[in-house]
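Same chain, two partners: subunit A is paired with subunit B first, then with subunit C.
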Partner chain A sequence: MGDSQYSFSLTTFSPSGKLVQIEHALTAVGSGQTSLGIKAANGVVIATEKKLPSILVDESSVQKIQTLTPNIGVVYSGMGPDFRVLVRKSWKQAEQYHRLYKEPIPVTQLVREIAAVMQEFTQSGGVRPFGVSLLVAGFDDNGPQLYQVDPSGSYFSWKASAMGKNVSNAKTFLEKRYTDDMELDDAVHTSILTLKEGFEGQISGKNIEIGIIGADKQFRVLTPAEIEDYLAEVE
Partner chain B sequence: MSRGSGGGYDRHITIFSPEGRLFQVEYAFKAVKAAGITSIGVRGKDSVCVVTQKKVPDKLLDQTSVSHLFPITKYLGLLATGMTADARTLVQQARNEAAEFRFRYGYEMPVDVLAKWIADKSQVYTQHAYMRPLGVVAMVLGIDDEFGPRLYKCDPAGHFFGHKATSAGLKEQEAINFLEKKMKNDPAFTYEETVQTAISALQSVLQEDFKANEIEVGVVRQENPVFRVLSMEEIDEHLTAISERD
Partner chain C sequence: MSIFEYNGSALIAMVGKNCFAIASDRRLGVQLQTIATDFQRIYKIHDRLFLGLSGLATDAQTLYQRLVFRHKLYQLREERDMKPETFASLVSAVLYEKRFGPYFCQPVIAGLGEEDKPFICTMDSIGAKELAKDFVVAGTASESLYGACEAMFKPDMEAEELFETISQALLSSVDRDCLSGWGGHVYVITPTEVKERILKGRMD
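Now for the complex of A and B:
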């Protein structure tokens, strides 16, 4: 892709065997806003901080959590513009699968395809890796699933995970609180508490975003009003 | 222990620095400021107004050819702050895209779709080494069928947000501070208030009173959703109203 002048990979091995561009990409993710995901027994929740650069920004114009298919959603930490590219490619992949097999794409397949795209950009000529890590939440015939995909293109299934600025505190908090038989509602409460841990300022329905998918297999983003209700319960 | 800076190329093309930054994108932002112009956009209850300085560096220049306000379609306007040549490229491509959209889908391209398209194009330049990011911040304005007046700002990094008010260019931060105070309680400005807020914000931040030929003003109004550049007479009326008000 791109100009033939750049038909060589920009991501190359260092003498110690590392791919430093990928490491730098992970650093970019680590300085992004915190996001997390929790897999419950009957669903999955993903959440993120939504800190905007100024009060002049119309927060209803920004949606960080995106729906990839009716039963799969995704959130990111890192560079927003890169995220949009991946979302667009995922939409297309999901649609192509559906066209071919006449059924909705399974979560693992979609994750694998997104990861493959991210890996391409670590090896192709004239491009840099994506500066985002993704948390993909879905519910299909294999039940509720949560996957994390990194800039290198590697992905793992998680019971609960966090990314971004506050990752270590958040993960410690999640490790303590996570139980295998958690219900979706509990998971939402736990995710709010986890976000609250590292939150600077007053948490509200307008500066966090939460997406959930339950046994109905419909992924949806909660409205600010619904988030306020959950916040009130947590107080 | 990760190796140092990617061989020094992280400053020349858009690859990551060790801190996970993209220097070329940051330098593109600096290029926007280097043009020495400040622009302001304000969204009211039923209108959007954008204002920018009109600096004509040479008296021999034809003033009418110096402009940063571009109609993209009849209903969408774009205010480009930064490098003029990059702005013209962007505008040309945006006009093409909007026209194709209208042809392909049978209805006018909405503001947010145009803003997203511009931002996605900018993102490509931040990821592919063969093209540098454009040194332009674009403010896109229009009246949306569903949501009413809309103002979006797209930057060289590929970010885009909807704004109640915003600024770009040399005195961007000062202007945003000024606007934050004005828009704190979500005022619903009328058309006149919208235009006057935008112009007086620019005057306050640059600490000078303008004459009508030193600024450019573009508006869209719900009652007449066409993108219009105000004439000298109209700008004068607003300037007079502002000075009488103070």
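Now for the complex of A and C:
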């Protein structure tokens, strides 16, 4: 028998109780570029490698970190096109909530909706799971929050987390470095150092992307110049 | 006779100093006949949010049930109570959904928001919100109510004075309206307590 006999169909459990397609989706995530997030006392930072396939690609046109609402941002590891679909759906969910309640959507509610979408694609006919894991960073009335959402639709709140190629080294590094009373600037430095750990080649403002949200509750992606400043501080 | 005047109703909400009051009459009629003299028009959504519904009684009851349902789901999902402003937006959306076959109700929403700031608003039967800083009125007696409130209202009244003012405004206005009256039902809400009182007026 074996699990491989069940790996073709998403909606069939294998004898060992797994949905093999989801395992494969997680493998797709695990071979994607490293991304990480750190929750500080007064904000959240998310970051990712931005390795482009060729030097001819215009790196300013590639945006791996997206803003979902003015106070919630997201980064991914895995398949870029799947990520874009989820971002579009999240934009719509957030706007629908706002239209109904005239209030910005709380981070937990948006994460719950995204996770529900990802779960739908694990229990429907003729579709495949999303090949991305997301790190959602937001700041609302409950303070700074960081959530990871997996292809299966499960979501977890993290103080700090990493995904993608270098996940185990990155997580070990974060476990050592993380403190509960970290400030946002310290968290940015730590995230740069963590990315540096597994980085092949010279790290610069053009081949990583960093997004931060502070007590002002405005999520923004740092410009390459700002990243260079942080890199200089870290050296 | 207009459909809004079929059952008869009178509703007021007034703002005080860190408190608010919401009051209604108690008559339920079928055109000229009085059916009940203890009809409830004001409902509690949660400890700091009250909803009054004037107009057609059947629509008022159904609308209240739908809104309580939505609010209970919200409480389960978000693990918190709805803010009054949020609830007002929800009521407006629910009413507009039925734009071309509306609920024949005029809601009055009153609650304590962030930092115990009182919030009142009313809207028409298709969800046009009207926020006010002092008072809002609704029902068949609304014209008299506007006049009475305008004359009697003062800003920053304490709970007891607010109760007196809203009661006098209500009773004097429903006396000029044959379709509302038979007593009054007044709620005065402060950050620490909710006081519910029944008024005895002209029983006709």
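The definition used in the following text is that the second predicted complex is superposed on the first by the 224 of 235 C-alpha atoms of A that agree within 3 Å, B and C clash if a C-alpha of one lies under 4 Å from a C-alpha of the other, contacts with A are read in each partner's own complex, and residues count from 1 in each chain.
As a convention for this text, a residue touches a chain if its C-beta (ideal position, glycine included) is under 8 Å from a C-beta of that chain, and two chains touch if they have at least 3 such contacts.
Since the model is a prediction, treat every value here as computed from it, not as a measurement.
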After aligning the two structures on subunit A, examine subunit B and subunit C and state clash or fit.
fit
Could you tell me if A:Ala215 is touching subunit B, subunit C, both of them or neither one (first, second, both, neither)?
neither
Go through the superposed model and pick first if A:Val234 touches only subunit B, second if only subunit C, both, or neither.
neither
Applying the document's definition of touch, where does A:Leu100 land relative to subunit B and subunit C: first, second, both, or neither?
second
Looking at the overlay, does A:Leu193 come into contact with subunit B only (first), subunit C only (second), both, or neither?
neither
In the overlay, answer first, second, both or neither for which of subunit B and subunit C A:Lys18 touches.
first
After superposition on the shared chain, which partner residues are touched by A:Gln109: those of subunit B (first), subunit C (second), both, or neither?
second
In the overlaid three-chain picture, which partner chain does A:Ser31 touch, first (subunit B) or second (subunit C), both, or neither?
first
Using the touch criterion from the header, give the chain among subunit B and subunit C with more contacted residues in subunit A.
B
Look at the superposition and give the distance in whole angstrom between the closest pair of CA atoms, one from subunit B and one from subunit C.
25
Check: subunit A residues flagged as touching subunit B and also subunit C none
Which of the residues in subunit B end up touching subunit A in this complex?
1-3, 6, 9, 13-22, 43, 112, 116, 119-120, 122-124, 126-130, 152, 157-159, 161-166, 176, 179-180, 183-184
In the complex formed with subunit C, which residues of subunit A make contact?
99-103, 106, 108-109, 112
In the complex, subunit C residues that touch subunit A
77-78, 83, 85-86, 89-90, 93
Subunit A residues touching subunit B - in the complex, by the definition given at the top
1-3, 5-6, 10, 14-16, 18, 20-21, 23-31, 52-58, 60-62, 79-82, 84-85, 88, 121, 126-131
